[in-house]
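First chain A sits with chain B, and in the next complex the same chain sits with chain C.
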Partner chain A sequence: MAETSAAPLIAIMDLHVDFPGANESKEVLKGVSLTVQPGEILGLVGESGAGKTTLARSILGVPPTSGRIAAGKVIFEDRNILDLPEPELRKLRGSRLSIVVPNPRAELNPTMTVGKQIAAMARIHLGVDRAEATRLALAILRDVHIPDPRRRMNAYPHELSGGMAQRVVIAMALICDPAFIISDDATSGLDVTVQAQILSLLGGLAADHGSAMLFITRDIGIAAHFCDRVAVMYSGEIMELASRENLFLRPAHPYTLMLLAAFSHSPKLRDAWSVPETGVRQTQKEGCSYSSRCPIAQPVCSERRPPFVEIRPGHFARCHFPVSHE
Partner chain B sequence: MRVLTYLTHRLLFVIPQLLGIILVSFLLVKSVPGDPAVLMLGPTATPAAIASLREALGLDQPLYIQFFIYVKNLLHGDLGTSWQTTRPVLDDLIQRFPATLELVTLSLLVAIGVGVTLGLYAAKRPNGWVARLADLYGLSVGALPDFWFALVLIFVFYTLLGWAPAPLGRLDMIVIPPPSVTGAYTIDTLLAGDLQAFGSALSHLALPVLTLGLLNAGPILKMTQSTMEKMLESDFSRYEVLSGIPQKLVVRHALRNALPSIVTIISVLYGFLIGGAVLVEIVFSWGGAGQYAVQGVLNSDIYPVLGFVLFSAIFSLIVYIVVDLIYVLLDPRISN
Partner chain C sequence: MNAILTVENLFKQFPIAGSKQVVQAINDVSFSIQPGETLGLVGESGSGKTTVGRCIIGLLEPSAGTIHFHGKLISDRRGSRRGLAGKIQFVFQEPAESLDPRMKIGQSISEPLLPMKLDRTTRERKTLEAIRLVRLDPDLLDDYPSELSAGQQQRVGIARAMVTQPELVVLDEPTSALDPTARAEIIDLLQRIQAERNTAYLFISHDLSTVRFISHRVAVMYLGMIVEQGDAADVFNRPHHPYASGLLSSVLLPHPHLKIESSVSLKGEIPSPINLPKGCFLASRCPFVIDRCRTEMPPMSIVGDGHFVYCFRHEDVAASVPASDTFNVFMREAERILGRRTSTGLPIQIHSN
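For the complex of A and B:
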């Protein structure tokens, strides 16, 4: 699947993740493939339950609790990192590949000051001594625009506001100058103004450090402003992948259209493309997983899984009947 | 600074707490059937003699007056006299309480060592053989009576193998006890430089400490295991894994967060064992405070019982204050 001619920084290939349950296992990622170019910001948009967080964590080899990576590869720096032994993988995490998590106050260690936690990243991954690590931590806190960083270093996570804690987590993800950052819904739960600040911060820092980013969000509008290319995810599969321009001017997949319509200002458009929830979401065994909600579904959609087709250069859709804009 | 204000607050509360404990104990002990005067004078006593002894002991007064007199004496440092030993209870307890304290403290250290270590390993590898062993261990030691286990150990290590000394007290018969500084033979013999007595004290402590330590490791093991499992599955532990923190550090950080629960159960055990060691004290003829109190209960000798309750209550309250201080230091969320 050739997307661009240059070699990707990281390539996720056919990732399958399931959650083995008591009776049957639930497949959450059904063969996800993505590549991210060096310095690129790739957006990933999807609703709750699409598998975005599962994907984010599985890329680093740590699927959420009771999850299991059943198949697939993640190729980074010429090797499949999922095959690496755990101590090797730990060396990569946080230093070359890092993640910005949502809900930071729950994710930070409640009994350590934030300064110590940030410095720990430097000490472990960069091998510097305590004094140097503290200096680096202070520097990165200034970069993320935390006011009065020297005092905030000695604060505990519960003493910080949501926006501050989010900046701390960003600092921890960036202090070792990673090549690739995954931002998992990093702005949800924050005020809109804080959201905007965090977004511009993230974008600026990524550009300064030359890092590539996988920017995961539920808000397709933010993806429009922020990302170079955007992938749309539904029920564990990538439904559409396109450049920002193509996705928003010539969306091909019915689900993408529905997402755009839902955020649209025109009520006629919203009504035309919105499908009421069918109650219990049926897990499609055969065919396209979106067919039960798709307004233009045909019989073949429930029988055969649509292939991931390149409908124009660099623009892919998983649909038997992609919407045409010709 | 906040530590000092916290301490002051807690110490102020100790007085009413103690008073409440003494009142309840007093009423409970007084409600146990048995007339001390009858027991003291023996089966040949005449009713007149009994009556006059009761008057002398103040037993014919109403309960609240008896309680008032008792508390008044307490404030003068008079805990009453034991009619069995004919000595002041305070002297008896000063002699016996350190023996129990020494035994219980060493046993608790063994229990912590076994319990926390096994609990940590079991939590790190929930499906490994250590975890299964830990489950079995926790179940069985909860079911074993301590005096039975003590007797088994004596049989194996003294009767069969001859490794341990006879269970006849804290020292060999020929060894002279060291001058009393703390009352704990391990410390006092070292302070006096008497290494032979030190060795003797240690060898006599081995079996009772092993009994109490191994049997009471169960609750500590379970608490460590379950709390650590929860901590290792928590969001912050997973975030540390995601950030590439090596597993040793993840476990250490998780332990730091698990410490409040583990410290709680240790403190509860500590208070419990002061009285709970009595059966082991009897088996090993330890001459401890628990034994003393039980004799008091059996013979309606109330002053030793009340004195013991007072000592262990003060001890428990001190332990709980220390534990609460440890909490304040451990968990930054409960400072102000």
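For the complex of A and C:
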């Protein structure tokens, strides 16, 4: 679908991922299509279990264990990433495509100094010698505002605070100057002041290097201030996609309204946009996957899957009855 | 006013193994909590919030200072907590980790009743009351924690705290591990229980927007000190301490046009609590710093009714940005945006009062 006219940096097209089970397989991504423009920060929000992490990993060709990419394409620099042989893909990951994940300590090798780990990225992907790799590692540690970077180069991960370790992981993701960065909930668990510093760092790097970013978060407050456009995911589908202005000021999908209401601190608004929990999680085979939780669902909603409709320029919603703000 | 809990000049140090140095986790903390009141305790990780909570529930013994519950000293030695019998309870952050995976939900909830020497029928009745209080299906009493969602597990955590009818509950980041919808439900639940039972809460959190809505008063901690304390609205609308102001400005409300203004943008991280600086602990990160801050600890200044701050330049800080009630502006905006009709004209029942 043509969201914007300019050539996208990366185009995810009709991506289907399922997890084969004993009797039937569970479809975790049900045809996700998204594009990201050069220099753009696209936010992806939704609750746990929506498929955000599966999407992030599938874009890089590594769906979570037991997941299987059933259909779809990820077009990056004129090639379908998902068709590339593993050695090619491996070259792309870490150099042109990068991912930053939460829980930085688990990502770092506890027996290797921070400097060596960052420099290793440059040696593997950029093919530079040891001295040059060390120089680049020191430079990137400065870029991510690590105080006293020369000393930190020789530090082991356990000697770093959580915020510092997260910055090291970001430095590793950025050292090869990737064109596309996926941040998978990378700021959750950080203090708000550290989070603010990391966000301005990532935003600045995106602007300076022209890199694009898919910013996955559970915190819609970050999306409202940090992302250019925002996609809302529910049960493996993109339910709404809009500029951050439209998404937060003119939300159209009842699920988006429910999410916003959850942050509003108003029980009235929450009651208006949610249905009482039945306890039974229904798997909606036909129709809209949100219909069993939707307070304004009509009979058609459980019969026919709604199309992804452009309700105003650049603003899409997958709903038979999008909320009107006119 | 008769406070149920009074904390006075509390200190807590942790020795470092193989060294003469100590970690100064709490430095001279004083506050009190009234019946039915929520005190929000905010600050970054490492500020000592959790240590304060643990001293109150008796998991840690303070190095100095006193904690009184209804005028009775409960902090001097282990025995002094006898007779409290569930009057002070607690809820932790990770619901899954704070429940024994091999214990049925019913056993977990009734466990705090065991030291109270009640008969079995009474215990069962109280357990049933508690699970109903948190609006869970009593059928879940025979389930194991792994069969529940995170939100349900946290409800069990709350039921277990409430089963003894406590007067004070220490809530240590009870909603941080939860999805937004589950978080909102837990907050509602806590407020409803408080309204019904007049339970007092010490709500420890780094989620400032939740703290703003659930707390009557807030205390802002930095490096083991309470740097500002007062009514939630006063502190949030017009912070007098540079740290409180900087902390608030990093809150991201889910509205692209609403931002809390501040003249302080906090750089770097909280310094090590091992070698504390001589003067004000914030001096190295503070844009308002003057020479005096580096040599002298600022005294307490009273800036309003029950509103205290420790800063030499609190007047300048307060005057540096206009006072504004951004959180309430946000709530009104949310009502405007979310109180809409659908394209079919189906009415959405939202009435503002």
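One rule holds for everything that comes next: the second predicted complex is superposed on the first by the 316 of 326 C-alpha atoms of A that agree within 3 Å, B and C clash if a C-alpha of one lies under 4 Å from a C-alpha of the other, contacts with A are read in each partner's own complex, and residues count from 1 in each chain.
Throughout what follows, a contact is a pair of C-beta atoms (placed from the backbone, for glycine too) under 8 Å apart; a residue touches a chain by one contact, two chains touch by 3 or more.
Nothing here was measured: the structure is a model prediction, and the numbers come from that model.
Peer 1: Putting chain B and chain C on the same copy of chain A, do they fit or clash?
Peer 2: Overlaying the two structures gives chain B and chain C room side by side.
Peer 1: Would you check which partner chain A:Ala11 touches, where first means chain B only, second means chain C only, and both and neither mean what they say?
Peer 2: In the superposition, A:Ala11 touches no partner, neither chain B nor chain C.
Peer 1: Under the stated touch criterion, which partner chain does A:Asp191 make contact with: chain B (first), chain C (second), both, or neither?
Peer 2: A:Asp191 contacts chain C only, not chain B.
Peer 1: For A:Leu126, decide between first (touching chain B), second (touching chain C), both and neither.
Peer 2: It touches nothing on chain B or chain C.
Peer 1: Using the touch definition from the top, say if A:Leu260 reaches chain B (first), chain C (second), both or neither.
Peer 2: second
Peer 1: Hey, is it chain B or chain C that touches more of chain A?
Peer 2: Of chain B and chain C, the partner in contact with more residues of chain A is C.
Peer 1: After lining up the shared chain so the two structures overlap, which partner does A:Leu201 touch, if you call chain B first and chain C second: first, second, both or neither?
Peer 2: A:Leu201 sits against neither chain B nor chain C.
Peer 1: Contact-wise, after the overlay, does A:Glu245 reach chain B, chain C, both or neither (first, second, both, neither)?
Peer 2: It touches chain C, and chain B stays clear.
Peer 1: Answer with first, second, both or neither: which of chain B and chain C does A:Ile75 touch in the superposed model?
Peer 2: neither
Peer 1: State the minimum pairwise Cα distance, in Å, between chain B and chain C in the overlaid complexes.
Peer 2: It comes out at 10 Å between the closest C-alpha atoms.
Peer 1: Take the contacts of chain A with chain B and those with chain C, and give the residues found in both.
Peer 2: After superposing on chain A, no chain A residue contacts both chain B and chain C.
Peer 1: For chain A, which residues are in contact with chain C within the complex?
Peer 2: For chain A paired with chain C, touching residues are 47-48, 147, 161-164, 191-197, 218-226, 244-245, 248-251, 257-270, 272-274, 279, 295-296, 298, 321-325.
Peer 1: Could you pull out which chain A residues touch chain B in their complex?
Peer 2: Those residues of chain A that touch chain B are 57, 60, 62, 65, 86-87, 89-95, 98-99, 101, 103, 106-112, 120-121, 124-125, 156, 158, 172-173.
Peer 1: What residues of chain B sit close enough to touch chain A in their complex?
Peer 2: That would be residues 233, 235-236, 238-247, 249, 253, 256-257, 330-333 of chain B.
Peer 1: What residues of chain C sit close enough to touch chain A in their complex?
Peer 2: Those residues of chain C that touch chain A are 44-46, 137, 179-181, 183-184, 187-188, 206, 208-210, 213, 246-247, 249-257, 259, 265-269, 330-331, 334-335, 337-344, 346, 348-351.
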